[in-house]
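The same chain A turns up in both complexes below, where it pairs with chain B and then with chain C.
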Partner chain A sequence: MSFGRLPTDRRLLAGVAGLVLAALLAVEVLFPANPVTDVGAVLVTIVADANYVSSVLRLTVPIAFAALGGIFAEKSGVINIGLEGLLIISAFTSLAAAAALGGGDPNQTQLWLGFGIAVLVSTLFALLFAIVCIEFKADQIIAGLAVWLIALGLAPFASKVIWGQVNSPTIGTFNNWTIPVLSEIPFVGPVLFDASPMVYMLLVAVVASWYALNRTSFGRWIEASGENPKALDTVGVDVRRVRYTGVLLSGFLSGIGGAGLAIGRVGQFIGGGTTMVNGRGWIGITAYLFGNYNPFGAFGASFLFASLDALQFRLQQVGYNIPSELIGIIPYVTVVVVLAFVGRTRIPSAAGDHYESGEE
Partner chain B sequence: MSDSDRDESGPGRIGRTLGRLVDASAVERILISLAALALSVVVGALVVLVSGFILSPCASSPFLATGFGDFCYDPLEVYWVLLQGAFGSTFNLAITLKETTLLVFTGLSVAVAFRAGMFNIGTQGQLVLGALATGLAVLWVAPFVPAGLVGGVVLMGVGLLAGAVVGGVWGAIPGALKAYADANEVITTIMLNFVATGLAFTLVSEVFKDPESQTVQTRSVPGNAEFPPSLLEVQDFSIFVLVGAILLAVGIFWLLRGTTFGYDLRTSGEQPEAAEYGGVDSKRMMVSSMALSGALGGIGGAVYVLMVAGYWQSGIPDLGFDGITVSILAGNNPIGVLPAALLFGALKGGSLAIEFDLAVPKELVGVLRGLVILFVAMPEFFRMIGARYGYGGDDYAVAADGSGADDASDADTDSEPDDASETDGETSQIDDSGLEDGGDGR
Partner chain C sequence: MSVAVYLDGITKRFPGVVANDEVDLEVEAGTVHALLGENGAGKTTLMNVLYGLYRPNGGTIHLNGEPREFATPRDAIDAGIGMIHQHFMLVDTLTTAENIVLGHEPRKWGGLAVDRERAEREVRELSQRYGFDVDPEARVEDVSVGVQQRVEILKALYGGADVLILDEPTAVLTPQEVEDLFGVFDELADQGKTIIFITHKLGEAMEAADDITVLRDGKNVGSVDADATTREELAELMVGREVLLEADKDPANPGEVGLAVSDLRVTDDRGVEQVSGVDIEAREGEVFGIAGVDGNGQSELVEAVTGLTTPEEGRVSIHGEDVTGLSRRDRIDDGMAYVPEDRQERGLVMEFDLVENGLLGSQHAQPYAEGGRIDWTETRGHAEAIIEEYDVRPPDPDADAKSLSGGNQQKFIVGREFARDPDVVVASHPTRGVDVGSIEFIHDRLLDLRREGKTILLVSSKLDEVQQLSDRLAVMYEGEIVDIVDPDRVTEEELGLLMAGEIPEDAPSIADSTGGER
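Now for the complex of A and B:
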């Protein structure tokens, strides 16, 4: 009941404990024939595998980028619950643009162009959301839901217009960037120095976001815009502009995440059901709440969720005959468990509020 | 300047919003819904136009050929075909009414939660699990009841009950998580949708699968358990169920307006602190309102099995998400859900025709679904472009009936570890609550 009053690290610890507990419980339920310890041993060998860790990093990309974007928006005072929609839009756009530029088989340059266009489109969507929230004073939660639902309708609609079906054809993905010599280091080399460009971008973005939020005046404006907009106004900074920047950054970063998922990893847009994004934007929101609005914390939480996501592939490869749909729900169950533990995060006090400058 | 003063404290916003809400008459809310709908149709037409341009060169002769490219789709024709597809023949009308019937349940489900100040995005999951429970319960009970009408009625009762109970329990989970652990229900309900779909799929594929079917589905329920096609003599639609849905909407309306429970539920949604002050156990109310909401979603699932499909199958349509639009369009009013469901049912019914006749993807309805929510969420926009009521720079951050805005601020309140730190916000809320109750005029 009093989680909010616990210090952050204690809460984080409780959250991690909850995660481990949930995972163990899931394992116990899933493998009645195999005692937990046995599976534990298998898990350890999987987790210690460099391939596994690098696949987790790739899976972290969309979640963590969405989370970073969410931090900027929410800290500035606009709760952007439409991150999932932004991921969907950019995932679709990246594929559509790259395929349009390069026919069925775009080269690396065309992929990067598609990537850029996707990030742009996602940012424009975020701009739309910002206008709706800031100019037209829409309820942020409902407008965010609308962004998600519009994307959920628009992407499969456009897929069907372009490709005649909700899924796109398969195209190539970004080549890995291999750093000579360093990539030869055992374990660390293949994980960190022979990775998808998206992974490098993510690592840079996490550090840059932390720096921007904690060491620059822009970071202080973002903070003030969400905590005490009137004070910010008083010192002569335009609150609306800070909030626009925050939301646009969430669109920009989610754009990288969505495009990174579609043409960074999968090479296809899948538009059926909840689309290929499959709740990663919502998981991203949970990740930054879990990480208490700290980019490093959000990255860590995203990595945790992604590792659960990656586990399902690996467990099947190892040969456990468990229905994939059942393993597939583990990350979502974990999100619910984590939310139950970290529910009482302290969100910026003016987040969700419309701010009206006194001069108007 | 006083605006910016109040902007500082989160909870103060609830009172502010509701203060304004008193001024917003029912007529105005209806006008906003209609305007939002009209604007969505216009933007939808643009989407159609642009997608026709992207598609060019067209398969058949273009509707509009310009120097810089061809437009393949004529938006007016699309909407005309949509309308005809929705009401053009008895068969089409039945399809529309079938969708309407299902949407009444999911719309009511979302509306009840909204009224209690909760966003139930999880109606979809509650519906999926409710549908599975219905299918399994009916199959399980069927051998023990006589064939024919009597047995059929028993089976329908069992099916509806099973759907309601399982949907209700599944809905109560995010309610309890919100009440006792402060977990944001928007995220938990969405996550539980994924969990529900995965669980139901696994249960059916591993345990309850129809051995004769290639796809993941249960065995069909016996024919006498399915609602009889009537009036329009078209499969998958029964007028009895539609009448039942209408009665249910009236019942929910009465429950919210005419009973103590309903009063407590609404007060908890609009003025949580005031409700608490008046002796309502707000935590228990969160759980019970979400359970009621989930039960309604579960009944929707039961109707899907007993009226439409005849069995549980994977890939149940997005009825829960459509329910969000229906509820928001209806201003979260149970009676308003009826026309909103009809409207949306018509869109869904007609969408099959536009895909079949014009090759315009039926997913267009999904786009409209989102647009409607977006535009209803920004009434200020319509005020700005429409009549200038003299509201000027006033804040009107309210969705359909204000419960949406409450919830956003709710999150603010929750963020405080202890309510004591927000004394001024609370005071303003309690002040406004008197105003609100009087002004809401029931």
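Now for the complex of A and C:
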């Protein structure tokens, strides 16, 4: 059972092949002057570039952390569609906290403190969401939307109060962690061993999440809580506690993702429009659905979506001006196609349902 | 022998109902005890009290001589009681072993990992000890219902249960699986476990139990030794009077084919074929029965016949006219009435009152509606007529459907459907969960329709019902009709074999013997 219930790797392979084909076709239609072979050559050059892969990994961070968080919440039976909001909250908080501690130029320790505070605040937000859903039996979808909408309004507003505008000033980011010797390996070295600490954290989190879900008692309980909570209740495990834990983990992991985006990569909070998070939480949801609730699958899907995003930038640089909106909808189209046709993404049976111990 | 469970004067009240009225129950250790009674007699409530799901309003629970109080099932489990519910409490996506150890997983590496080898080994040992055939590595969703039931039993045993309560354990099993289950009971009892099982089938109680306690209307009406009692005695205890084992039935006088189904194939939502080439010809003035264990395609067959689903292949016709492509509403207009198997899901709108429910299916038709407007005076009169004729209680047309008891809901549906003056009646489990008085009433009405020359298709998993009412009886197994037999000549054993998909050598088959010369 090394890859979960379903052949996630095969699904991913099919997904990648389909997407590359679709991209090529799109290019063919949009730029009939340049034959596809040409584009193919350009694509190969881009994809084989270590810089490109590095930037994809950094882009993957917020999406994949949100996805991992979403897995824990939804597998426990609470659908958390407020992941986007949690990313926004933590992105903002990390900047605000680091700036409050270190002024315009916080040092690394202050950045890390800001990061920690952001994760804490995101977890507290998730706790609020959990209380509303579990204690007061609010509709999970509506409560999740509320989390997003509140974050979407609150973060830019707080920015204005603090900095007089929706965007924060630019402060530093985390230094890369360079691992001696290993970072000298061609291609692999700069990608994997001279990377942002967020990338390392993500790789650890993916493995740890998989392990927690598939090898520990807690993982079995999460599964049971989302599939048949009564079965869990009757053997004496408190379903509410399991669900609280699942939702809190989604807040914790999304917090890392959001803070990792703001002070891990950009060094600024951008609050205009859809904010700097710009739908990455939503893509995170599609990523875990695409990955069938398997952390490795979710990571793969996040990586895939991030690589498309990055690809569009690169193609722009070499003169292919594909509208970013077109690339932006690919994850959603993919997930609809996967859910409808490739099929068998198995949504936990009791996800979205309230559970009350002792009810018949 | 020592007494394992002693319930002393248990009373449990729900708003408006006394479900258990000072019930005493004594179960000896190491025996199999059947709790027998009709639906609604309070059997499950009593066991839920013992299991800590309900707090009793009065009375005490004694376990091995000690008075105990269980606030939650957890307390009961800790005291060594295990309960196997009608709906299994299993997690489909986990393996059988993972389900059995759920909540008590053996761990290794300082609690950081589940010790799966140990869990599977322990489950395998436990399984072998009681002669079960359960593969610890199989996923629950991939094993049969019979095996799932054993997983439930093993789960209780793994949790340390000495007293096992099973709620209607045979309801979902084939006759062969029922035999196996009773074998398991004996094995468990031999090894000192105490078993209480709930049933409404007196044959099962006599076969499997050492002692039988009969509940009626929430009261203990007698505890008997299974070897020293008779079916008649038990039946009398259950219903409180002599049971009419035969309905008044005139000889059949079949006419033309009223409802014909040919080569019908129905596939369910998951793409699994549930009905595989069924042919039926039900005649006017005849009750054509369909028997079988639930889940062998009867529901899908009925849905295709009544127009709720579209068959993949095949034809449904009423009096020779093809109705396969017609909607439910067109079929109603063509004279097909339907008593659905799930009255709360399909038969009634629970939030509507009886006036509105009485209109369902006729909301477009004269005299209740014209030009999109409903004549509520007419509609109310209609509901009142049904209530009067079918003795629906309370006799209040403004009562919401959900406030009625199951039996009264069913009587109202039957009344509504029969009031359409149908040519063809499709009745699916028309007496499920209905009290004895109402059962007789519904049976009589069905036979009235038969006498009037209507065509009746009757689906039921109650053998005595289909056997008693039908003129011809088809047995379904895995989507096919195994055989069509004469219900007056077939024995219960033969039916049992047929329901398990086997054709006994001397089954009284009749393909179409009542058709006669036309």
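Keep in mind that, in the parts below, the second predicted complex is superposed on the first by the 311 of 360 C-alpha atoms of A that agree within 3 Å, B and C clash if a C-alpha of one lies under 4 Å from a C-alpha of the other, contacts with A are read in each partner's own complex, and residues count from 1 in each chain.
The working rule: contacts are C-beta pairs under 8 Å (C-beta built on N, C-alpha and C of every residue); 3 or more make two chains touch, one makes a residue touch a chain.
What you see is a predicted model; the values in this text were computed from it and never measured.
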item: Touched partner set for A:L192, first chain B, second chain C, both or neither; value: neither
item: Touched partner set for A:A158, first chain B, second chain C, both or neither; value: first
item: Partner chain in contact with A:A64 - chain B first, chain C second, else both or neither; value: neither
item: Touched partner set for A:V206, first chain B, second chain C, both or neither; value: neither
item: Partner chain in contact with A:L86 - chain B first, chain C second, else both or neither; value: neither
item: Which superposed partner A:V237 touches (first chain B, second chain C, both, neither); value: second
item: In the superposition, chain B vs chain C on chain A residues touched; value: B
item: Which of chain B and chain C A:N228 touches, first, second, both or neither; value: both
item: Partner chain(s) touched by A:T216 [first = chain B, second = chain C, both, neither]; value: second
item: First, second, both or neither for A:A97, with chain B first and chain C second; value: neither
item: Chain A positions touched by chain B in one structure and by chain C in the second; value: 5, 228, 230, 233, 346, 349, 357-358, 360
item: Chain B-facing residues of chain A, complex; value: 1-5, 79, 81, 132, 136-143, 145-154, 156-158, 160-162, 166, 228-230, 233, 273-274, 278-279, 282-283, 285-286, 289, 323, 325-326, 328-329, 332-333, 335-336, 339-341, 343-347, 349-358, 360
item: Residue ranges of chain A touching chain C (in the complex, touch as defined); value: 5, 215-217, 220-221, 223-224, 227-228, 230-237, 346, 349, 357-358, 360
item: Complex contacts: residues of chain B adjacent to chain A; value: 1, 3-5, 7-10, 13, 47, 51, 54-55, 119, 121, 177, 180-184, 186-188, 190-192, 194-195, 198-199, 201-202, 205-206, 315, 321, 324-325, 328, 361, 363-371, 373-374, 376-378, 380-381, 384, 393, 395-399, 404-405, 407-409, 411-412, 414-418
item: Residues on chain C engaged by chain A in the complex (per definition of touch); value: 53, 72-74, 77, 89-94, 98-99, 102-105, 107, 111-114, 155, 159
